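The following pair of complexes shares a single chain, chain A, combined with chain B in the former and chain C in the latter.
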Partner chain A sequence: MPGPPALPLRRFVVTVIMAAIAASAVAAEIPRAERRSGYDLMGRETRAMQDDDTANPGMLFVLDGESLWKKKTGAVKGVAARYPAFDAREGRPIDLEQRINRCRVDRQQAPALAWESRDLLALTAYVARQSRGLPIDVTIDARTQPFLDAGRAAFHRRQGQINLSCSQCHDDLWGRKLAGSVIPQAHPTGYPIYRLEWQSLGSLQRRLRNCLIGTRAEAYEFGAPELVDLELYLMWRAQGMKLESPGVRP
Partner chain B sequence: MALAVLVFMAAMSGAGRAEDAIEQPLTGARGDAARGRAIVTNRSVGLCLLCHSGPFPEERFQGNLAPDLKGAGSRSSEGQLRLRIVDPARINPATIMPAYHQIEGLTRVAPAYRGKPILTAEQIEDVVAFLTTLKD
Partner chain C sequence: MASALINVPERARRGEIIEIKTLVSHPMETGYRRTQLGATIPRDIIRSFVCTYNGAEIFRAELHPAIAANPFITFTTVATESGTLTFQWTGDNGFSVTQSATITVG
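Up next is the complex of A and B:
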């Protein structure tokens, strides 16, 4: 008997199902209370190595950085927790490495250091160490919001030949295993990190490029604005979490 | 959620089984199971063990993002396995499993891989031939 309602009802059911599928494709952000540093997902030995300054290989870089640091003004405490930060001259956020290079060029008339050079890593590690234990506190305002939005969009964009987004691994599948590696939540709390696989200290940008290469996507060049936008998004996503630099990672 | 997808898929494919399988080999001929096994267990060629585990005792690092491949040949027909490798999104629109024969509709592919599928048609046939041997 009730013939006519059948079509609208079916359309309604299909719409609901389509909406459910769309929603499942867009990953939910990790609730604040469930955020975990990569540190919490590591084995006991790697955590012990990070915790013990005499065993943490990153501390050698911190000491190098300290001797490279000419003016010991003491003003560096807390700085690392606030970067990337808006830079008026660039008209966009710059990250900690870019800030350090800016100081060298402008104030010390020294040449900019190359990305991933030992000296730039050492200086960054030294500055970041001064913020250990402090909560991440990046500033999001009208000037930085567009860059945060760009970073968020990049994090959720499927890319590369493998066609995966950062979010699919780091929001949806954290704690599970990609081959032998536990997928962390991708919080930038420990950078620069000493990575056992690299046998070296490395920047957050190096880590992000590694993940891009893993999905067989074009990796942005070091210093590319797209990488800084991603760094800003990751810092915002970890807002309030404590810095632990220099981290050790497997 | 998984149920909703199934219901939806069933509703869409009123015609039945032809929709959930690719019956004909991509190359016109069936592949080689031994070569297929080598592809599946090679983490930089097949990539399967990044996500899956399987009956490969010699492989130390296997993923746990996806079902164990043991018994895959009992759970699905040859044609269903072929579709699963070629275009898994037709089975599960939200899947993380890549479409191994896709070259279009991808974003920012690294130059070395641009315009190339993850596996060639011949490699896919080898993988399918191997998967059909994975009976419980």
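Up next is the complex of A and C:
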């Protein structure tokens, strides 16, 4: 299968111009009252697709996930809202996909599923769907704090050939446009998302890798601790916002 | 594996115009894309969609390579009588999915 497409080239041209505009700005965090899900910044048609479960293609994956899920205990309600969460064995936070794979390997003696495979996406969508409407609620304590700090530092660090930080786009320039796309605040409220550009469901890590490639940085491999730290920071930054999984995004 | 999602109102008044929505799982591979090594990715699309209402065809569509993955097809019909609506998608590589829904018209 061909890999996920990178952002189109013309966007980089705009990016460079924006980099100049944002050159010396120090990003401030978005005040709580001004936080907006990517959903609120989408067009009417895309929102309509997400709102109607029979028009949202992400639901096809949820149904697949349901049939893959052997015991229907219903005990997974709220779980997605709490990940990444600290894992004693790893000694660090793991994300929802890693948790699902851990359960498969340890409890079901089944092989781990590949990142972005249909089955892993389907299971993640099925679990995340059961947290729809619930507020994001990750636990920050002495064990997770260092990873949150690492994620925050990564979010504010300029990187890539274009030398941009995530924060320059997502804290300072949200609501403005990058070529045809509205820059969202980067809240991980809808994951896994059905992204129209991908013509498929994709994970938060896939989205983060896309943005890293957009800055022309070398993207971390799927499952890399750096990506999980970023996920943790993004979830913390969106603490209290409601999950919409499976979201639809342009 | 779940392959289709359909939304038909459970009941309707006789003569009422009802909206039907369908979503089917399919990659709709165009046949024009190539792998990173240059090999053509073979076409794999749904070619036809047919809906019957108590056996009579009420809607048909031909699909083409430019249609998005997981096609969403929605249309309206007049609720004439209680019964079954059957939906069938067929395409390349022997693809065939059939699903049905019942409606009570009173």
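Definition applied: the second predicted complex is superposed on the first by the 225 of 250 C-alpha atoms of A that agree within 3 Å, B and C clash if a C-alpha of one lies under 4 Å from a C-alpha of the other, contacts with A are read in each partner's own complex, and residues count from 1 in each chain.
Here is the rule we use: a contact is a pair of C-beta atoms (placed from the backbone, for glycine too) under 8 Å apart; a residue touches a chain by one contact, two chains touch by 3 or more.
All of these numbers come straight from a predicted model, not from anything done at the bench.
K.L.:
With both complexes superposed on chain A, which partner does A:E66 reach: first (chain B), second (chain C), both or neither?
P.N.:
Second partner only.
K.L.:
Looking at the overlay, what does A:P57 touch: chain B (first), chain C (second), both, or neither?
P.N.:
In the superposition, A:P57 contacts chain C only.
K.L.:
Using the touch definition from the top, say if A:G180 reaches chain B (first), chain C (second), both or neither.
P.N.:
first
K.L.:
Which holds for A:A217: it touches chain B only (first), chain C only (second), both, or neither?
P.N.:
first
K.L.:
Between chain B and chain C, which makes contact with more of the residues in chain A?
P.N.:
B
K.L.:
Quick check on the superposed pair: does A:I162 touch chain B, chain C, both, or neither? Answer first, second, both or neither.
P.N.:
A:I162 sits against chain B, while chain C stays out of touch.
K.L.:
In the superposed arrangement, which partner chain does A:S200 touch: chain B (first), chain C (second), both, or neither?
P.N.:
In the superposition, A:S200 touches chain C alone.
K.L.:
Which parts of chain A are in contact with chain B and also with chain C?
P.N.:
On chain A, no residue contacts both chain B in one structure and chain C in the other.
K.L.:
For a test of understanding, state which residues of chain B touch chain A in their complex under the given definition.
P.N.:
For chain B paired with chain A, touching residues are 1, 4-5, 7-8, 11, 43, 47, 49-51, 60-65, 93-94, 96, 98-99, 102, 106-113, 116, 118.
K.L.:
Write out the stretch or stretches of chain C touching chain A in their complex.
P.N.:
Per the touch definition, chain C meets chain A at residues 1-3, 5-7, 21, 23-25, 27-28, 33-36, 41, 68-70, 72, 74.
K.L.:
Touching residues of chain A toward chain B in the complex: what are they?
P.N.:
14, 17-18, 20-21, 24-25, 157-164, 168, 172-173, 176-181, 213, 216-219
K.L.:
Taking the complex as given, what residues does chain A use to touch chain C?
P.N.:
Going by the criterion above, the answer is residues 2-3, 52-57, 59-60, 63-64, 66-67, 196, 199-200.
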